[in-house]
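Quick one: structure below, then a few questions.
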Amino acid sequence: MQLGIIGLGRMGGNIARRLMLKQHKTVVYDRSEDAVAALVKDGSTGVKDLAGMIAALEAPRAVWVMLPAGEPTEQTVKQLAELMSPGDTIIDGGNSFYKDDIRRAHELQEKNIHYVDVGTSGGVWGLERGYCMMIGGETDVLERLEPLFDTLAPGYGNVERTKGRKVPDQRAERGYIFTGPPGSGHFVKMIHNGIEYGMMQAYAEGFDILKNKSSEALPEDQRFDLDLTDIAEVWRRGSVVSSWLLDLTASALAGDGKLDKYSGAVADSGEGRWTIDAAVEEAVPVPVLAGALFARFRSRQEATFGDKLLSAMRFGFGGHVEVPK
Amino acid sequence: MQLGIIGLGRMGGNIARRLMLKQHKTVVYDRSEDAVAALVKDGSTGVKDLAGMIAALEAPRAVWVMLPAGEPTEQTVKQLAELMSPGDTIIDGGNSFYKDDIRRAHELQEKNIHYVDVGTSGGVWGLERGYCMMIGGETDVLERLEPLFDTLAPGYGNVERTKGRKVPDQRAERGYIFTGPPGSGHFVKMIHNGIEYGMMQAYAEGFDILKNKSSEALPEDQRFDLDLTDIAEVWRRGSVVSSWLLDLTASALAGDGKLDKYSGAVADSGEGRWTIDAAVEEAVPVPVLAGALFARFRSRQEATFGDKLLSAMRFGFGGHVEVPK
Amino acid sequence: MQLGIIGLGRMGGNIARRLMLKQHKTVVYDRSEDAVAALVKDGSTGVKDLAGMIAALEAPRAVWVMLPAGEPTEQTVKQLAELMSPGDTIIDGGNSFYKDDIRRAHELQEKNIHYVDVGTSGGVWGLERGYCMMIGGETDVLERLEPLFDTLAPGYGNVERTKGRKVPDQRAERGYIFTGPPGSGHFVKMIHNGIEYGMMQAYAEGFDILKNKSSEALPEDQRFDLDLTDIAEVWRRGSVVSSWLLDLTASALAGDGKLDKYSGAVADSGEGRWTIDAAVEEAVPVPVLAGALFARFRSRQEATFGDKLLSAMRFGFGGHVEVPK
Amino acid sequence: MQLGIIGLGRMGGNIARRLMLKQHKTVVYDRSEDAVAALVKDGSTGVKDLAGMIAALEAPRAVWVMLPAGEPTEQTVKQLAELMSPGDTIIDGGNSFYKDDIRRAHELQEKNIHYVDVGTSGGVWGLERGYCMMIGGETDVLERLEPLFDTLAPGYGNVERTKGRKVPDQRAERGYIFTGPPGSGHFVKMIHNGIEYGMMQAYAEGFDILKNKSSEALPEDQRFDLDLTDIAEVWRRGSVVSSWLLDLTASALAGDGKLDKYSGAVADSGEGRWTIDAAVEEAVPVPVLAGALFARFRSRQEATFGDKLLSAMRFGFGGHVEVPK
């Protein structure tokens, strides 16, 4: 099949490359000419602007937008919509907020342009491992595009089959699913990231306790000097907490068991935050997902105003002088 | 009545003084001779060691130990027990762990020495406002000592009577209660402090959101530059969140609305920690009390090892470089 | 002064009554004729519809809308705006989401109609105690309406003056503040409620631990059978956790120490949820405020789907059969 | 090698079987004669009591105790110690509290009996997959027993090698580690379980949000009816949250996507609780691990006393009547 791709960063570029491995044709655009040139070298057709892309694609067209969520994606979707013909499809493969997807799909529907949202997991490993995709959109549109999704997905690979699984639709086992109407793909990907935050924080806290078991604040006969590198490694072998995130942890600790090159300021992105908002909207209690997000917020601050207020209150009722930091 | 007092710090000294205001007699000891001298000037009888105290008190003796929890209290209780006679009473007015109280009471029972544990709230304000006391021990022993407790307590004061209250025992309304067997006084005080942590953190978080509403990270038309000093003050007047802790907050913010003199490193003490342990033993979910304790733990660290591990994982799966702190 | 009031429920009716105690004039409307009649009996002028209210008020008019947040308030504001003249003012005294206030103020500005948002705390006690008010709007408009706010507020009362307070503006000490532009009043009130949730949950968890200290799951010599009614009462006297919420707790426990008439399903309202959303927007960690909200979410469910999934996983890896509930 | 095994439940029996697959000799005891008989049929030597076991083993003996933590293990260790000779070794393969290990090792040291604690992960899957083991004890004792551990462990298997790993000791890569002195094995296993709780809860919360996205409490155009079975399956393929726990989740949901056979009452065991206690001792903030434990506590209760108190307070300040459950 033929696919237009806009945005040739780490994700967009590799998506084009993975498609071409299976003989799909790609027409690519990026505001960086170098990025376009690199893909052209790998077999893509490069274009100079969106109009050029529309001209280079056969109708019904499909264009995959792989840009930062928010304004960059919003503007590009708008411009594409003006250039496209009825029956064409815009695929947002980035990390858009699912409510934006719902709105855009409604707006585009009036022009009879289709909107597909793809939650894409796989990061820098996707070219090699394939991309795990959660895809929202109209069913007939998704079915038409299915050869692309099937190529991008990891496929069966060497993942053991799930016991008891009997559903005839085998998409999930090949690494992609059709989740429902527009917005649902990004919604599922958003929750995926929320879970990711929670899992990461669970490991982080556990290793923190292991690390601090050698603390001089503990009685001497209660201290252990534990080898975190080996612990992460052994848990990869038959333990209940084995996971891909643990594999990465083992690898990071194998390089430097003290992680001294990190300062500990951890970024968070829209998905982690929107997950909490969604839980609040649905009245679902999410102490762990929220706790994980708050830990990241806290990690980026030296002190909070709230902490200072605690010290001020303690001084007020007990004359307690603040402890040194 | 006559009471021996060991430990003349901020709490012990003022307890002696408040008792003497109502004509009770105090025999005092502290390892600092100056502390003893200051109390002698205010009317106490000073002694040079525990033996001197035992000699100066009439049987059945009562000695109030007001020392740091742990070894200082433990050693003093042991030494007193060796010097005392059957029928005498040791009162631990400090912040002992309630399981230590239970153990000590058992050990002393063999010598027919009584043990009373008093959870004492009131801090630097106690001399003036009186001490709120939660008292564990054998009922007849507590009743004998009641005149002391009644003097130390705030009394009815100008606190409005609770609607619907009909119990005949008026101790609680005068500011002290008999909570049950030894250990129960400190247990109730421990939970008091656990709640205190939770309330303080609730204010801290709320004011933190108010403060950050002026952040440049927000869209300009969504920012407010709020006057925290006035907000704390107005909430003291008819709002649902009025409290003594809010009074202290208003006072702290009246002095310096930015709290710049605090670095935000907040101490925690045994009670906050033991509260969580007690909840875990009872299988009671305590997200708020635990969250408040963890916020204090976090406040004293620049970065946690866990935070660094999060950054390392993010680099591993997404090539994400850590954000600057 | 003269004020129109729309919505004569528990809050709106008492606001009219408190104003009339100080000789202000009120023109009232409610879709319930009985509600209007009751206020007319107390001295208000009753009207039959919004047009009637506009006719009965002298320009520049001020109308206080005291309706449920969301559609009821939204529609009423819209209808009023169509009837009003330039220079008139709409006061939203309900619990609107502050972003709705910001939007409405912008929309009304085009018609030169002023918008004031009043976060009102005080509940069923307001008629007697006065209302604590956080007020957003244009300064000159608020100053014109100030006699109304001053009457509704609690006034100095017998609340002790805050030490160190030196600001010349004495509004806060009389129980109301001007918080800034439209929306800021409801924003501050929203945070007030968020803090309220946190404080309530701190007490709830503490009393839960006290209650369960008699549990038969504990070793017999570690159990205490504590009198929660007396504990709540004694903490009102000189303890660090004294507050109005504790007064209410003591009153509830005085009536029934087991609280058997409650099933424990706890409602939550917009403010508690929006507080979390605001914290997430500002990247402020709020473990306690969020934990309190989640506890309410959980309280209304018998079991969560998440709980079932935990049981399913435990069966999967350990063959563990679910414990009986 | 030769090993005595006491306790032939799911874990103990399979440990004997896995050892015999590699020609190790096992002497087994259980208070159930049937359990012993079953193992004898598979090749073990059965004995009738501890004295019989001691007689059947050659010195220096090694006996693996695989019993419930607490009294059963404590009593068996004591009885073994009385029967054993200097140089013999007791291995506690159960889930003992690590502080009990430290104490026992000290007590046994006086008799020159060695104590080894093995934290064993693998559950019902261990016979087939091998057991992941974290082992505390004296180094020379552990080295002598190493052939047993090596047989029980999963071995290299088909787990990909960790990039960047360069340590010469290959134990971890074969699925077991020597963690340090007695107690350290169970300590590491305890943290493993703490992390397990956190990860499980992260999935539980995420799937809960997915499930409730079809709730009628949401606006109709914001609802999705998501296929949780397929979502769990697709995340196993190249996503960041893939793990063994997710494999189990996918399997559970493949059988019954609604999990209707579970009521949602989730047990917790010592390790999850001790993890929190350890974190509190070390002053490490663990919001996620604690949140996961509290969710289990809450899952087993219909309503908490705390919830009722919230309702009582809400009635007190706002006249709010409790919502129906």
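Labels A, B, C and D are assigned to the chains in the order they are written; within every chain, residues are numbered from 1.
In the analysis below, contacts are C-beta pairs under 8 Å (C-beta built on N, C-alpha and C of every residue); 3 or more make two chains touch, one makes a residue touch a chain.
Please read these numbers as outputs of a predicted model, since none were measured by experiment.
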From subunit D, the most remote chain by mean C-alpha position: C
Residue-number overlap at the subunit B/subunit D interface, same or different (half cut): same
Cα-centroid distance, subunit A relative to subunit D, in whole angstrom: 31
Rounded Å distance, subunit A centre to subunit C centre (Cα mean): 38
Where subunit C and subunit D are represented by their mean Cα positions, the distance between them in whole Å: 47
Residues of subunit A touching at least two other chains: 123, 125, 201, 203, 205, 208, 212, 240, 244-245, 251, 281, 283-287, 291, 294-295, 298, 300, 304, 306, 317
Subunit A residues within the subunit D interface of the complex: 99, 102, 121-123, 125-126, 129-134, 153-154, 157-160, 162-167, 169, 171-177, 179-181, 183-184, 187-188, 191-199, 201-203, 205-206, 208-210, 212-213, 215, 217-218, 221-222, 224-227, 229-231, 233-247, 250-251, 254-255, 275, 278-279, 281-289, 291-292, 294-295
Sites on subunit C touched by subunit D in the complex: 10, 123-125, 200-201, 203-205, 207-208, 211-212, 244-245, 248-249, 251-253, 259, 262-267, 287, 291, 295-296, 298-300, 302-320, 322-325
Complex contacts: residues of subunit A adjacent to subunit C: 240, 268, 273, 276-277, 280-281, 283-287, 290-291, 293-295, 297-298, 300, 304, 306, 317
